[in-house]
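There are two complexes below, and they share subunit A, which is joined by subunit B in the first and by subunit C in the second.
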Partner chain A sequence: MSSAYSVLTPGQVVWALSPELLLLVTGLLILGLDAVHPHKEEKRWLPHLALGGLAVALLGAITLWGCNTRVLAVLSCDPFALMVKIVALVAIGLVVLLSEVYIERHSARHQGEFYALLLFSAIPICLLGGATNLVLIFLAFDFLSISSYVLTGYLRDDPRSAEAGVKYFLYGAAISAVMLFGLSWIYGLTGSVELGEIATVLPKLEGNTQNLLLPALAFVLAGFAFKIAAFPFHQWAPDAYEGAPTPVTAFISVGPKIGGFAVIVRVLLTAFSPHTVVELAGNWRVALMAISILTMTFGNLVALWQTNIKRLLAYSSIAHAGYVLIGVVAASTQGIAAVLLYLAAYAFTNLGAFASVIAFSNQTGSDEIAAYAGMHQRAPGLALVLIICLLSLIGIPLTGGFVGKLWLFSAALEEGLLALAVIGVVNTVISVSYYWKIMRAMYFDPPPTEEQVVVSPALGVAMGVALVGIFALGIFPNALLPLLDAAARVFF
Partner chain B sequence: MTLEQILFLLFAAITLGAALMVVLRRNVFHAALFMILSFFGVAGLYVLLEAPFLAAVQLIIYIGGIAILIVFAIMLTRDLMNPNIPGAIDQWKWAAPVALLLCAMLIWMALGWGRATPAAPVPDNSLHLLGRTLVDAEGLALPFEVASVLLLVALIGAVTVARER
Partner chain C sequence: MLNQFAFIGCFLLVALTFGIAPPALAWLFRPKKPNPRKSQIYECGMQTHGETWVQFKAQYYTFAIAFVLFDVEAVFLLPWALAYNALALYAVIEAVIFIAILLVGLFYLWRKRALEWM
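Up next is the complex of A and B:
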């Protein structure tokens, strides 16, 4: 396949890899500066440096728009990859804003490593957007996992954080072995680790050899499902979400999901495309449909009983992975455009929600929903932001969440998946009741104290960006349509 | 039965038998020793596949490096070898049927396939090719570099996790 593309000059390769390289350089710079500036006051501008690095990386990704080529034979630089990078970099930027006060308060001495690891964890997400080689996919997957484990257990002296990190690590290590086993089968059966070559070899294989690919694909899908926290590979999520430092919870609810979905879409639609291997593709579509239905139903039903807001958002994020899978099952241009739009809307919405959760817990030190009683009197602005984010998570018109769900469900209907769309709508209705629980506490329960909640400037900026994102995607989604369409057409 | 087949069965038995013991032994130290034996069996399989370099890497890195590190970690961790620590074994009743089912399914599928892949000819200069692929821009140069960044991040992560209070 690589012969079909012209060979890039070294300068062009560096340009094509500029987002990843800039993230790496900024991360190393932060580590170095952190080491030579031991004093707490001097560490204040580390997050600003991280934001600067992310902004330049974002700029690099934007300047690459329109490129459609292969970088170093293993990475595709196409609209889909760039869209994933842009969403991921904006999301990580928001996570940096969320972290500023929290990390200074809880781990003042070790801020450098935190921001460096956060930037490093953006590298594999960017790579997963474009990786077309199973070796690179596996490496990027483990890269993302390892940085996520460390970030989850970052507050080592807090037993909950340490426990969450260990649980996440043990679960992830086992599942990445399973995934590697599956990848080795795919390599053994097709003789290639390049998605494009696998796609050309697969239709030529005999029927029973194709059947052997089924368990292989199942193992690989298990690894992908772990990354996006889909049922039944979600068990790590609630504990990891609850125990992790809240900004990290925000990160693992968004970052790994973006990377995971990017790789699911690329692997399934490039190597196992419904156009080349009809029977095999039919099988994975049925499997993903089942996972999608179970994931959203399970996530939404268990979320009903939660009393801790981080745990509640964990189950809600499991449910959202189920919705996004609908677009993958549809396996159409519309479906993939919907996946990208939903991921962007979900990233803004969830990070906005976590921004208010962090602002609130910075003041009260509690993540229990009961502690949100009367919040609209103590912090009217904060309560309003959280309400808007929850409404977007439900999918109320004018918010990005609404447009995302609308696109996903209509993509399913377009492909004749009526049952999937109906189950999605029913789940949306179920989800109203647990989001409502938070709203009711904030607006109708009496506040325990009259003390006002103070919001730090960084969190304020994060909420502002999140709100702009939610409404921009909710009101003007058609402005993005040509870009999303170009990204989705990479696979069709 | 050729000598090669006998050796294969021997090494396969060592690998799987030792791997089983790793899981079954309650004593972590013994489990680590069985893991070394299992690694050794894998090295034997590599030799049979005419991949001497991989076999050497397996011996040097896995047995010489990783396994020894694990043994050190076990010996330096207080109370890890205390037999009174309850193991997390109440899950095995659920895990065993699932694992057995999966195993049966894989064996059934392999039997249904019914034939071995024709062995690809081993290139004379396989080591040369391997080295070339790892730095070739049309090969695996980027994954190779990503692996080095991954190791750096793992190192930073390890220091972060094990830092002083």
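Up next is the complex of A and C:
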């Protein structure tokens, strides 16, 4: 954090906050316009307005590239934060595309709320990318959580959706309190909520007080692990994923993970950096390594038994959080660059996979893997997209998933974490078998009917964008290398 | 450091004993002769008439939540109003934006007919 404390003019502050402000304005506009016509069922323009807002916010984030300063003393506007914002905004744009037909079909009356909530949940993810203050981190975390709970229970007439929302809420509320407790300890021990100041105070603390930081850090890590659905704090994920409306499942499998990893990286590498507090950093690295190993192994092993594709993708997303943690444990420039690349590749891949799942269930109404039998005859294009996404989730060359895994594992090897890399590779091999289950059903099982599956234009666009993303990251990752490197260097 | 925590430990023990001892002693020494009149609720509210499992209209909660929202707004605005003369234009604009956001919410509630008792 070499940036100077320069005072920005109000204009510059507004510019630096433009992505968040634009999202807020668009969200409020959607709510307002939706309220002006409360009884019109035809609301095609709502998702388009949401997409427009996201696009302008994305533009704002891109024009800010290169800026490296503090905003309002609680936010950092640096390449890492902007990278997180760009990935998050693109991902949520894809979620809007995924939602269009599904939401119109299932809850035509309350579409405005849905898109407004989706935009409002993009704000905390953007804030989490740059937050350098424990209070702001907690507020943004809860902001993100609350909008996710509501979105999960969005189909309120559907008991499964409501149950998923309540489960997610109860689990999240408890974890949120635990995390706040941990944050209060950190504040009590260091006398500051500012990550930069904590970093300067920590090395000066006596040994005894430093030991007290361990339980505090454990509580805080529990909160972070909940957001990314890492091993002991993952129980909410399968139920929430299965019960939530499928576009929301796609969102909570990507959005909170991006925000969660951004905070994990920033908090651990700024305040508890291995360069300043060697012993403490050694402790959290061991803890995260254990969580990473348990998360990927557990996610992959349980995924083997799943028969519902949403539940299978839920366990697969738990496993993927485990892979990404490898990069955090490595705690090096390569590691953080790999985390960002993997998150981007994972966002495109998972959203592409969910686009196919939604297109399929829009027509057939089923999420069971058995229903995917013979899909290549009923919808050859859709089957192909799903196959490419699954291959990227496995990590087959030419896809973004492959490059992401390659970077993560090589970052681990670079830091001498041979065991972690080996366990990651073994897990990748395990994951092949459950992804293969879907592929086998699609290509080798006979279809129950010959009825063709029709894909809506919005879903088609989403799949196209996802495929372009997957292959761009898979074939030309080096074009992104300088950008990712700049983002990772913020912490070193 | 440890001594201070030992002090807290002692304090906790004393506090617990202080709380538990009187009812425990009373339970030990009191005469136990219940009769139906004595077992009645005494100053614990009215006796219920009819079914106890009454269902409340859930719509009440939308009003409650909207009320809490504007209640909190008032709490935020009070210090702002008190310090109004000392504040820069910036803070005034911020408060206006804050109120505007809440007003959009109120407008939304109103248009979605959440404020009508149905």
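The rule we apply is simple: the second predicted complex is superposed on the first by the 484 of 492 C-alpha atoms of A that agree within 3 Å, B and C clash if a C-alpha of one lies under 4 Å from a C-alpha of the other, contacts with A are read in each partner's own complex, and residues count from 1 in each chain.
Basically, a residue touches a chain if its C-beta (ideal position, glycine included) is under 8 Å from a C-beta of that chain, and two chains touch if they have at least 3 such contacts.
All values derive from a computational prediction rather than experimental measurement.
In the superposition on chain A, contact of A:147 is made with subunit B only, not with subunit C. Once the two complexes are laid over each other on the shared chain, residue contacts for A:403 go to neither subunit B nor subunit C.
In the superposed model, A:97 makes contact with neither subunit B nor subunit C. In the superposition on chain A, A:417 contacts neither subunit B nor subunit C. Residue contacts after overlaying the shared chain place A:208 against subunit B and subunit C alike. In the superposed model, A:32 lies in contact with subunit C only, and not with subunit B.
Of the two partner chains placed around the shared chain by superposition, neither subunit B nor subunit C is touched by A:225.
Residues 24, 31, 208 of subunit A are contacted both by subunit B in one complex and by subunit C in the other.
Across the complex, subunit A is touched by residues 105-106, 109-110, 112-114, 117, 137-143, 146-147, 149-150, 153-154, 156-157, 159-161, 163, 165 of subunit B.
Every residue of subunit A that touches subunit C in the complex is listed here, in rising order: 10, 24, 28, 31-32, 34-36, 38, 208.
Chain contact summary for the complex, subunit A toward subunit B: residues 2, 13, 24, 31, 71-75, 110, 113, 116-117, 120, 123-124, 127, 133, 135-136, 139-140, 142-143, 146-147, 149-150, 153-154, 156-157, 165, 188, 208-209, 211-212, 214-215. Note for the complex: subunit C touches subunit A at residues 1, 90, 101, 104-105, 107-108, 110-113.
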